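To start, the structure itself, in structure tokens.
Read from first to last, the chains carry the letters A, B, C, D and E; within each, the first residue is number 1.
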């Protein structure tokens, strides 16, 4: 088994579901009870704020949560970044300060929840899964929650590593439209960044499929099958995270909430197209992985065929010859051939003849 | 067969459909005829009442069914727990006292009915399947019916073991919102507890899948196949019980009945999310179980390949050598080699040479 | 083939589609042409009438078809039972007397038609398939047509054996609601009886699946496969008859026809639930049958594996030993070992050693 | 390959898609360009007219196309039958005379087009595929276009062989309603005749499935597989032609066009039921064909199993015996058994014993 | 592997997705950033204009992009052809001149985008994939974007090779309706030409399927499997490009935009029919490719069966005979048969008898 373990380490690795006990922690508790389910428990909660408009940009660390309850001045946008979700009381505090329902806070820390959108009177809440291939064949999966309030965007993430550096740069370098537009555009940009990174995951899966395809044709071995199955699992998992996003974006486009402007909806349509494309690609990849499995199995049969041919050829040639030798090894007193002067050579010649006939026969059958 | 039985006992065990005769008992009877179909016939029907509001909490055993017809005082909530459904006349009595249709009473005791919701003018009736893993690889499946009337919740269950201890604790210890909210919140909380316990079942299935996956790769044997098939059956059964719940909850959310307040609907949305998640997980598990079957079959082929290789190698090496020995075992009078002084050693050397050539050939083929 | 025939006779038997020529009889005829397609041609058409209200009950045989055109007195319900559909002119006569369209009469005798509902201005017409397991592993399939007119229910069936004895008893013994309610309730009760009997069929299929499952694991042979395939066929056929019933009942529930009272619609909802349950069970059974096929095939592979192992073990042990014996059977003049005093015992010992090594090797491989 | 060709000739034969060049002929041409794509190019276009009402019936051959522009006298119905579609200019001429759009004429001669309905202001245009088994295992497939104008029905067909003789007879013999009803009833009757003939095709497919099933169980050989695959192809093709017809008929039933009277719509509902039935049967047949393939493959495995058993039994019995004979064929000087008086008989007895033990072993395994 | 490469070159070749780095180029950029993703980077952007009405036709090369902002004179139609999409600034310039949104320009150069339609206030934008088999088994795939403005049609393509020569000819030769109709007809004609060419691709796929089918039956080898899998991939890819076109055309037909006239919508319905047909054909081809895979695998099993039979026949005949020879090769002193005068001939006769019996046995089994 040692060898397989090595191979497995070359696979994409997506952090798996939490151990049973985690899920069990929620049982019997009232809904709205804030229970962190993830595996990043040691991370200290860090809250930073980025307030900007076309002219100014102020970065700060938020210590007093109460300050979150005040939206930024008119025309300004505040990006509140919350890193580390395991500190449950702090989560409740932030939620209270910003007027979120306890159900929302529960969903923020429920790292096992699936992507969804919930609209409330004065804020919109979405949950997404961020997938970020780290370039070494490992995919960092993270639970992301985003809340859009008037002038404010709350971004919740488990650890600091994220996919939003591009957005931070665009804000800091004042590139593109981002500084001139409001909180809803920032909200859109964050979702866009997450969805865009799914393409990287697709590329990684695609590369894996290609390498597995080559492996299946050139050098299939039992581990190949294991890897194909793992790939299928990954594709299925990622579909599970991506499929609801399409519906989620549709609902954001069609929402009647005044929080999202008409312009931003046009941009959301773009994300919508991407989610369709990603889902379709995943569908194709799943089918391709399935096809590889079939080819693998058929290759196993082909190889067995080859093994059988070797056996059949060897046995079919030498068993009759051995029989012939056995005949003249018998000890009958009266066996005239044994006395012939050229009997031995005659038998050798006969054997050669049989050998040649068999070879020709197998050549004709295409087995040689 | 003894060995398999042992293995099977390690599987999840879900109580199966009742024997044929049970179903047959309903044939030819008028609709609305109350006929208990379950297998827990000996259980004595026990009716308890729990009346509470924010300040008081009164537990009692209900003997006179007629008392059920009076809803609790304004602002109070009554939880009527009926355990043991096999006493048909008593069931009818309770139904009459609380003004339920005879069709509803029929569904309460029809333990084979599928999850559903029926709305009546002054009450809402739902049927669910409770699944409760007892921690020893066995899942207790129970037929649950819940009726919501103004200020009253009727909970019908087959046996006393249930998943509602958490709710009872929250009521008794006055924790969370449950004491301050009405009967509809209790109604929601009961459904929530049932749905939450499906996650435990998913965890159990998931653990089984993982152990079967390891078994398939490391040590597949015919029983493995049997266990995968049983797992598939379980997944299919649980889907059959869970799939209608999603639709059921949707209808509760969208109902126009005044029995369910707007606040409670928000909580129901939460259950709705859970049902989607559970259904998706079951879908994935089914696909995974299917994949395991394929891998199993391909492993069987791989193993046969290995067996065939051993046979082919042994036969291909020794059959030609035996032929060679056979030649010099012939009794021809004129066989010059036999007279050579080093003929014997020459033949032994030739045999060694053939042996080495074959070994190299098979090494090259990758069969050794 | 004799053996298989025996096995097959143990299978459920559903009467199959009529021979080609039957279908062909309708070709080229005008629509509305009344052509009986079934195989029960000899049955003499018998028309009986049952008129009842809460107080009276009159049974009679109807000879003059014209009398059918008069609905029973106000408040009374008439059940007209027509047995034997092959007498085409008589069918037309009954149809004319009761004011049915010729298209309806055509559908009544078209025993190959699928379940459907047609609403006309003053009557509702439905077609169903009755399945009645006779308890000896045979399922009686019958084409049933029911027409609901004000105060009248026409029941058309091919032969007298039916599933309505329960209803007749309830009417005669005045049990339940049936005598106090109108023709629409009788109409409902007939459909209910038919749908309820599908559960018996499901039980029979389920029992077969269980016995096939045991067979597949314990003693699979080619006939097993045949029986699984037949079971699949049966499940598919029954689904074809049951699937449209769900839709049919939905339409009856939602019809605007005044013929069906609001109360009866509630009862129809019950049938609707049953049709969903039946369809789901059939779906699961189909999947299970499919799974059995896979297990069967994998068991065949497993058995071949076992066969191969026996061959490989025998050949791998004895072929090298035979070679060894062959060596010392050679007739070289100079073979020193042959002269050794204990040479023979040495070789026997060597053979024993090889034998033991091989046995250990195969034990380690887990083949023994 | 000669043998297969013979077998294939027993299969249903449906005329296949045209050679590539045909399709290519339309590339780059403007839409509305009338291009015949079929393979019946030599057929001379023949136009006949049948004008009838309840009293009169006039048959004639139409030479001057212009005469087609005049609808028959009030109350009369004209059936214009156009046979032979390859004469493109003539097609355009007929189209112009009867006021059809050039797109319609294009579709009339586009024998590769799929079934469809197009409604225009004063006519309705439909395309269908006629399938007519000629009774010798061959199915004549023909492209049919029908145009319904006030008082006129245009029927376009490629060759004269058709399925409408029944209708012609009914018109000539004044049987049924056809003479008393208008053009829309004729329109309906033509569609009805085409759809009815699909049942014959289903019967033919069904007979083939049955014979293939017997073949698969009794005497499977590689050609069986080929035939199953061809059958699957045929089923898929026919579904492709039949599936759109259902939708087509639905649209005819729901059309707002005054060309189709309310009475005729009721008849169309009948066709609708037939299309559903045909599609369902095709679905089942496809599944059955698929099942046959699986059984075929499993039978191949079963047969290999049997082959392997024979080999294993022969080898397992005789290889050890040969080894024993080999031992006493060795030439050691000191082999005491060889000197024993009954050594030879002892060995023979031992061999017999081994033989019997092996036979019992294989009997127990169930391999004999 | 060399051999396979050759075979592969006979396959259809569709240009594959771009290397990972390409996709990555868009990450972190603001939406609306114009980034060319294709592989035809060297192509110089060339803009040509074709202005025509019923009487005039003016061809020109556009150098000053600003001129594009002026629509042609009333009644005239301008076809602006942009070849080469890699020059991003030029693309932006053209977009600005014609008043397109930056999101549209982004989609024009995003060669990885899927087919879609976007309606704006004064223009309609669509993306399509052009597939053009070059007749040498290679399919040229190109990203096409078309913009319809009042009186203007912008056609964007990656390279000059295209499928629009037919349209150019019709315009230049004044054939058909194209010169007399407006920009929306040109818009339609371009889409029509692209969709029509899909039929050529279907023909190519179909030819491949046919040749693979013959190969599978006559001479299957591992490369066959590889080619079937490649074909499946191609079919899946093309479906991915074609499936959204159907929906796209539906939206064009149903659009409320005044840019598309009622007449043109009728023509679009024609394209709609074609897209349905193409999608269905692709669906069938996918199923057929899947069937080929199964047949391939079953043929592998059949061939193994044949190999096994040869082995079994050879071994079963000669192993017992060799055993017999072995018996009389034993060196017991007392073996009476050895002394018999005709012992040798008796044994030879016995061997012949066994041989004949075995041959008859295998003939009966149908293995010879």
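Note that in this section a contact is a pair of C-beta atoms (placed from the backbone, for glycine too) under 8 Å apart; a residue touches a chain by one contact, two chains touch by 3 or more.
Here the structure is a predicted model, which is why all the values come from computation and not from measurement.
The chains that touch subunit C as well as subunit D do not exist here; no chain meets both. Averaging C-alpha coordinates per chain places the centre of subunit A 27 Å away from that of subunit B. One inter-chain figure worth recording: subunit B and subunit E are separated by 43 Å, centre to centre, where each centre is the mean of the chain's CA atoms. Residue positions 297, 301, 304, 308, 311, 315, 319, 322, 326, 329-331, 335 of subunit B are each in touch with at least two other chains. Taken together, the touching pairs link the chains into one ring where each has two partners. Passing around the ring starting with subunit C, then subunit D, and so on, the chain order reads C, D, E, A, B. Residues of subunit E that touch subunit D in their complex: 165-167, 169-170, 175-178, 189, 192-193, 196-197, 199-200, 203, 206-207, 217-218, 266-267, 269-270, 273, 276-277, 280, 284, 287-288, 291, 294-295, 297-299, 301-302, 304-305, 308-309, 311-312, 315-316, 319-320, 322-323, 326-327, 329-335, 367. Subunit E makes touch with subunit A in their complex at residues 1, 4, 17, 20, 23-24, 26-33, 101, 103, 113-114, 116, 118, 222, 225-226, 229, 232-233, 236-237, 240, 293, 296-297, 300-301, 303-304, 307-308, 310-311, 314-315, 318-319, 321-322, 325-326, 328-331, 335, 337-344, 347-348.
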